[in-house]
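Take a look at the structures below.
Look at the two complexes coming up: chain A is in both, with chain B in one and chain C in the other.
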Partner chain A sequence: MASTHGIARTNRSRTDEQRQQDLDRIQKYRDLDDQIQLHVKQSNYSDPTLFHLTTKILRLNPEYYTIWNVRRRCLISGSLSKRSAGLWRSKASPSTSRSVTTKPSCAASSPSPSAATRPAPATSPSPKKAGESGTIPDEEEADPCNAGKEEEKDGDDEEADIAADTSLVQSELAFTIPLLIEFPKCYWVWGYRSFFLSLCDAILPAGAARDFWAAELALDSKMLTKDRRNFHAWSYRRFIVSALESTTTKNDGDESAKAKSMTESEFAYTYSMIKVDLSNFSAWHNRSNLALRLLDERGADDAARKKFLDQELELAREGLNVGPEDQSLWYYHQFLMDQITTTVGASSKGVGENGKEAKGLIAPNLSLADRRDFVDREVAEIKDLLEDYADAKLIYEALLEYGIAYRAMGESDADTANQDEMMAWLAKLKELDPLRRGRWDDLEKSLQA
Partner chain B sequence: MAQLQNLPDELQLATEAHVKYIQNLDSRKDEYEYWLTEHLRLNGVYWGLTALYLLKKPEALPRDATIDFVLSCQHENGGFGAAPGHDAHMLYTVSAVQILALIDAFDELEKRGKGKAAVGKFIADLQNRETGTFAGDEWGEEDTRFLYGAFNALSLMGLLDLVNVDKAVNHIEACANFDGGYGLTPGAESHSGQIFTCLAALSIVGRMESVEADKLGKWLSERQLPNGGLNGRPEKQEDVCYSWWVLSSLAMINRTHWIDRNALFGFILRCQDTEKGGISDRPGNMVDVWHTLFGLTGLSLLGYPGLDEIDPVYCLPKSTTQRILGSKK
Partner chain C sequence: MESLGEEPWDVVICGTGLQQSLLALALSRSKKRILHTDPNYYYGQYEAALTLQEAESFAAKHAGGSSEAEKKRSVVRNAAVWKPDDAEAQGLKFPRAYSLALAPQIIHTKSKLLSSLVSSRAYRQVEFLAVGSFFVYEPAKDGSDPKLSRIPSSREDVFSSQSIPARSKRSLMKFLKFVLDFESDDQKPLWEAHADASLTDFLTAQFKLEDDLKRYVVALTMALDGKASVRSGLAAINRHLTSMGMFGPGFCAVYPKWGGLSEIAQVACRAGAVGGGIYMLDTSATMKPSGENEKASLELPNGITVQADSVISGQETTASVQAISRLIAVVKSPLNSLFQVLVEGAPTPAVAVVALPSTPSPIYAVIHSSDTGECPVGQCVVYLTTLATAGSKHELEQALVMLVYAVEGEDSTSPCLYQLYYEQALGDRQSTTENHGTTPALSFPPLSATIAFEDSDLEAVKTAWSLVSGDESDEDTYLVFEDREGADAEDEVYE
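Up next, the complex of A and B:
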């Protein structure tokens, strides 16, 4: 009933057999759900049965967000060491009408300032009950309900806590991988992973946490190989990178901790993605985001910055030579041209107004003559494209765009932005792109104003 | 609208079929999919009901049963879950408020529910007081969808003063990109869905001054593809739901005329199942209530005859937002 994408409509109705199959599946699914709801009503979060039920139902339906929360509560109430669980103490039971009469589990409700005491396990460590209720045992996951349940010891078992929690995080991450691959656009799966990775940061020594994040980056790259535009994976990537950058690396015996920027390697990553697919705007976008930081970190001087602009413009143009109808390339080209035609502190919207800091530019110290040269050269190159692609409407859009920007740079006496030429490009656009006629009409009015 | 009258039958809006389709959504309990999508039930009621209002059949779903269902999803803390037994979350809380606004039932929330104040507190507590953005629930996932949802619901209840509007606005501005669009978080790629949430949030609090309307309008208008449909990002496929995200955004910056109306009408109408009702993502695909609503809102925004007018900011009928927000609208 909800959001269905890309599934062909069919007019055939189900056969009796298919209907029966559906009813059987529904029965199984609802039984699972009923069992879970029953446990939840009784706040049985520390009962390992509940945890295993969540595994089963999430495999059938990872969009069922409440179950991810139940699963987290199970871990907080049972398997995670008290030290880790304490980080989410208030969340061990949902703040809902259902929980009003129930007590949060012991792990959650008795925060002790002394991390040395751990709650008694709610159940004795029990091996998996294989074949329970005829379902497949969860072979590929370790039994997190057993993790962190070793005998109570003194304060020096922090290491054991860490080891147990680490293996628990590992097992949770492993559990979600097949789900991530099958449902790469499910917000909850991504969210669940980031929850556990953040836990790593909180409980593990920096080096160990780093390993988790690094592995996550590799997984993310794999996800982006499968779907190059998955915006979950791109967002997640930025999240991982920023975590990796803020995780300090400690050398043995060296007290100094150094955070490591990943701007260079991520910038290189966007190039590797673009090489595979020029139309990958997600990669171009990320590249535009990294450019400024890259130059700052390189300590680039004015000459290096100018050279950088040159190189990037050339990269975009190389693409345009083979794909002049590709919006991704034009948007990146436009980003670079904005860098050239915008003046820091200019009164364009969002810059200098409302006390807002002007966003930095790639090459802030270009002289007006330099900037004109850049625009002249690009406009000439783009005009050359017309020889092969006279009907590529994005070429005309770019020419008009840059013509207008050129005028706005001031002191224009050159004929790059010749009015007759502009009107001719506009006429061509109207002819090639009737869908956006209203926009061209507005543009015409502004050009004639 | 003369051209529309000349459209062939399959390009006329199959109003009756759509009404019937929505009415029957809750009678599909023998379909596995019905149970797999229980986590969207409350959203589904909002989508279906709003669609019925646009089709001018507001009575097609029983009002009392709707109120009962909505209130059965509410938790002690004021928030709503997708269905009874599902955890409270911003996404469902917003749907609940929208449904109650639509059917003029805030008084029932006071009488039989936990009251507006509790709902407002649930939402306000999800604001990140440092960055201004909002989480979806206690587990902390943040993005601009939740920020918009918070502004939408709080303003309908007259409770916007519970949150730090300035910080939230700053956060939205930090999500702006060089192409004029907005992403999920600062640094994220522009996406039509997120552009809608950011623009609508700014509209609700009257803080559109930082929007680069021309640049954004260009980007949005380029979403229309030769088949008339709209995509959500550059170099992606068209999909009926973007008829809403892109078009409502164009409406908020007064530029719906930057795309071709009739071409989009044609695309949306070709996605109808004229016999069984409902609208799909693309022609010939399975229909669902989500695409049905966003197909209809797209038609409504462009003035398709016979449909009630939709408010591009709230995704509710204009009659509803005018009743509640009065002259502010």
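Up next, the complex of A and C:
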């Protein structure tokens, strides 16, 4: 439903009645738009009617990005507290926002927002939480943190503002959930949510903000269950994870509680998604992204790194064993092979072969012999696939690619023997993929050179 | 009651089995005057879900066997219930805590039954649960314990499987890919010549599948005789594979909560009642002789006679000799390990299927967790099915003990708190039509007593619908309805 993968577009013919209904809908939409433009022209952002109109039109068409901005301006000029609106104007980003907050220092560790320590509900923070935070001013008298405060009145106001803003954030997040479900690939919906979560970070104590982010991660997982290849959800996931990693966990007011890396759990998540469907570029990509960090965080030594490379190659090969026609699997395999065939000096030079900065390799200290062993074994295993999948074009492409990379590793005396084999693979490619004939011819020339 | 006899009924439907009920659903927007009766005081007939009390009266009613000389046999026979003397002490709860399904068929997500329920909007009243893993029972050998092996049935399953060697995985993948596409012109030449030969031989000859993998594939056909032909076997596996993931990750079939097809029959009857049909349970209608130019008359128990333009019923007897044996057993442990979530985002399955090798025909055990609402938490209901033979009751009881032992790992000679056994004729697979005076009368064949619901059982419903609708019938409107007012309130968030 949400996914368009594998669903053919159909040409629908409409009856006159349906046509009329569509025309009516278009008229209704245009009327809404006209009303909004009128308000905008008059800069009527504080008029609640305008906010209401944006709700209506966005439900019809969330792709209309101008309206999302109108909605934001409505909130800044109206419902949001001056303080939060100010933060917003200065475009608080999740990483810098906390330094902007003017909260009393003890508030961050204050146990008073009782809801914060509770596990967040799976989809969205319940609106009830806002009410609970509203009781904070009463508890505050007993809070030793605030006992000697001079501007107690202002503090109260601020807490009330926070409570009101929190409830607003909740309602805005709740408003976008059905839109997200209906339009899972709409940039503006994802963007609007991320904006509010960042605001949350700026106005709430760390623990409470964290609950919002944790709930968001659960929502993101739901979205990926509905469409496991939704790249919006995958990139949003990285955004949430980095926010969660930079937020300290609130642990009974223990300020020393450190932010926890989620690399291991996210790495495991890519595997569980691959188990659902091997054909998932995003999952494999995320896995390749996480691999280096994972090894650094594990403090892996050269032996452990070599073993890791071995295991990942095995995983990719297990996948290729059942799906050699699947490009996403080859991409991951190519990524791993690239880690092996990349010139040793690359990392010390700081610039890789293709001009990109070499960010480090999975196993940077492999000896040339080790690297040759790896490539030899992979090529042998891939050649073995041909026994059962003689017509899988991607196998030949990979064999040629790895063959060329192998030569480039230098100091080889065996590659001339390989020449006949490479030409045979190329001939097969020409046969299987005649549309790229020019490319294969070109490759042939360079191989013979 | 008097007006019943005066009403000129367009159609009288006798029995609330699945097919009759679906017909009532199909006619529910037709403005036809419909009288729908059932001799039992519950819905569903041979597709009903029974409390233990109802199971007892069902068993008493169908206890009779049939001598070989009898030509016509009743659809259900040799029924019996049993429970240990101290069943209550062992955990058996009150009779209404149970709901034993006489039609526990799983429904593949690709089944036309589901698409009909969706297009007719009846699905809104049914809660569907996921059918999870399919297993093959591996007997103890070389001193190892008996165990259940999960059948890999998707590319990702094969990928994750630890027990299959790499080369065998490729042969299996080759076969699975072939099955997905077996009806295409490219693949047909490979099997058409052997269409009626044995699938097992075909797997050996064409795909060089090893014995283990062959057993997996054959078990997936869910053929009760264990001898699927190439044609029927490929079709069954194709259905299984193409259903996988259709409604979400990790499952290929669903099961209606609270008693399987019984639920669907009830929901369909409810739609019939909302559409204006008159329902009378605990009422058997008997056809009276009618003259050549008269409409058919049916007699109801209280002496009232009704007339109808058409009469639809179900066949109560059958000439078919072949039958299945079914043992429905309430088991005193939940067998939780059968209901694990194996892939990210998959729902917790409520049903698992186990194929147990047996001679002359395999035994299929379908295990329902308490999530189905068929038993209290902490127990499960096991439905065992095999082709009926003289000893099949004993074999099913043995199979139950073997199954529970393989799952629980500890010997339990009496895992069962309650059991209902019966034999059900496989039926003639054809509806019959005859004329009573000017009234055509159609009888549905018994539903296929298979493990998975067979779409072919829906054909007779459509035949009956065309018969009743006559000239007004427009195929495009068959089981395609709008929501009734108010039903879709939930979807109307956006005015």
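Operating definition for what follows: the second predicted complex is superposed on the first by the 339 of 449 C-alpha atoms of A that agree within 3 Å, B and C clash if a C-alpha of one lies under 4 Å from a C-alpha of the other, contacts with A are read in each partner's own complex, and residues count from 1 in each chain.
Operating definition for what follows: a residue touches a chain if its C-beta (ideal position, glycine included) is under 8 Å from a C-beta of that chain, and two chains touch if they have at least 3 such contacts.
Treat the numbers as computed from the prediction; the structure is a model and nothing was measured.
Student: Between chain B and chain C, pick out the one touching the greater number of residues of chain A.
Tutor: Looking at chain B versus chain C, the one contacting more residues of chain A is B.
Student: Looking at A:368 after the superposition, I want to know if it touches chain B, chain C, both of them or none. Which is it: first, second, both, neither?
Tutor: So A:368 meets neither chain B nor chain C here.
Student: Where does A:59 make contact in the superposed view: on chain B (first), on chain C (second), on both, or on neither?
Tutor: So A:59 only meets chain C here.
Student: Is A:380 in contact with chain B, with chain C, with both, or with neither (first, second, both, neither)?
Tutor: In the superposition, A:380 contacts neither chain B nor chain C.
Student: When the two structures are overlaid on chain A, which partner does A:289 contact: first (chain B), second (chain C), both, or neither?
Tutor: So A:289 only meets chain B here.
Student: Go through the superposed model and pick first if A:22 touches only chain B, second if only chain C, both, or neither.
Tutor: A:22 contacts chain B only, not chain C.
Student: According to the stated criteria, A:335 is in contact with first (chain B), second (chain C), both, or neither; which is it?
Tutor: The first partner, chain B, only.
Student: With the two complexes superposed on chain A, say which partner A:69 touches: chain B (first), chain C (second), both, or neither.
Tutor: It touches chain B, and chain C stays clear.
Student: Across the two complexes, find the residues of chain A that touch chain B and also touch chain C.
Tutor: 60
Student: Which chain B residues qualify as touching chain A in the complex?
Tutor: Touching chain A from chain B are residues 25, 28-40, 43-44, 74-77, 81-82, 85-89, 137-141, 173, 176-179, 183-185, 187-191, 209-210, 212, 217-218, 221-222, 224, 226, 228, 233-236, 239, 241, 255, 257-260, 263, 273, 280-282, 284-291.
Student: Residue numbers of chain C touching chain A in their complex, please.
Tutor: 155-156, 158-160, 166-167, 169-171, 173-174, 248-250, 343-346, 493-494
Student: Report the residues of chain A in contact with chain C in the complex, numbered from low to high.
Tutor: Where chain A meets chain C, its residues are 59-60, 178, 221, 224-225, 228, 269, 272-278, 318-319, 321-323, 385, 388-389.
Student: Per the contact definition, I'd like the list of chain A residues that touch chain B in the complex.
Tutor: These residues of chain A touch chain B: 1-10, 19, 22-23, 25-26, 29-30, 33, 37, 40, 60-61, 63-66, 69, 72, 90-91, 94-100, 187, 191, 194-195, 229, 231, 234-235, 238, 279-282, 285-286, 288-289, 326-328, 331, 334-335, 338, 349-350, 353-354, 356, 434-439, 442.
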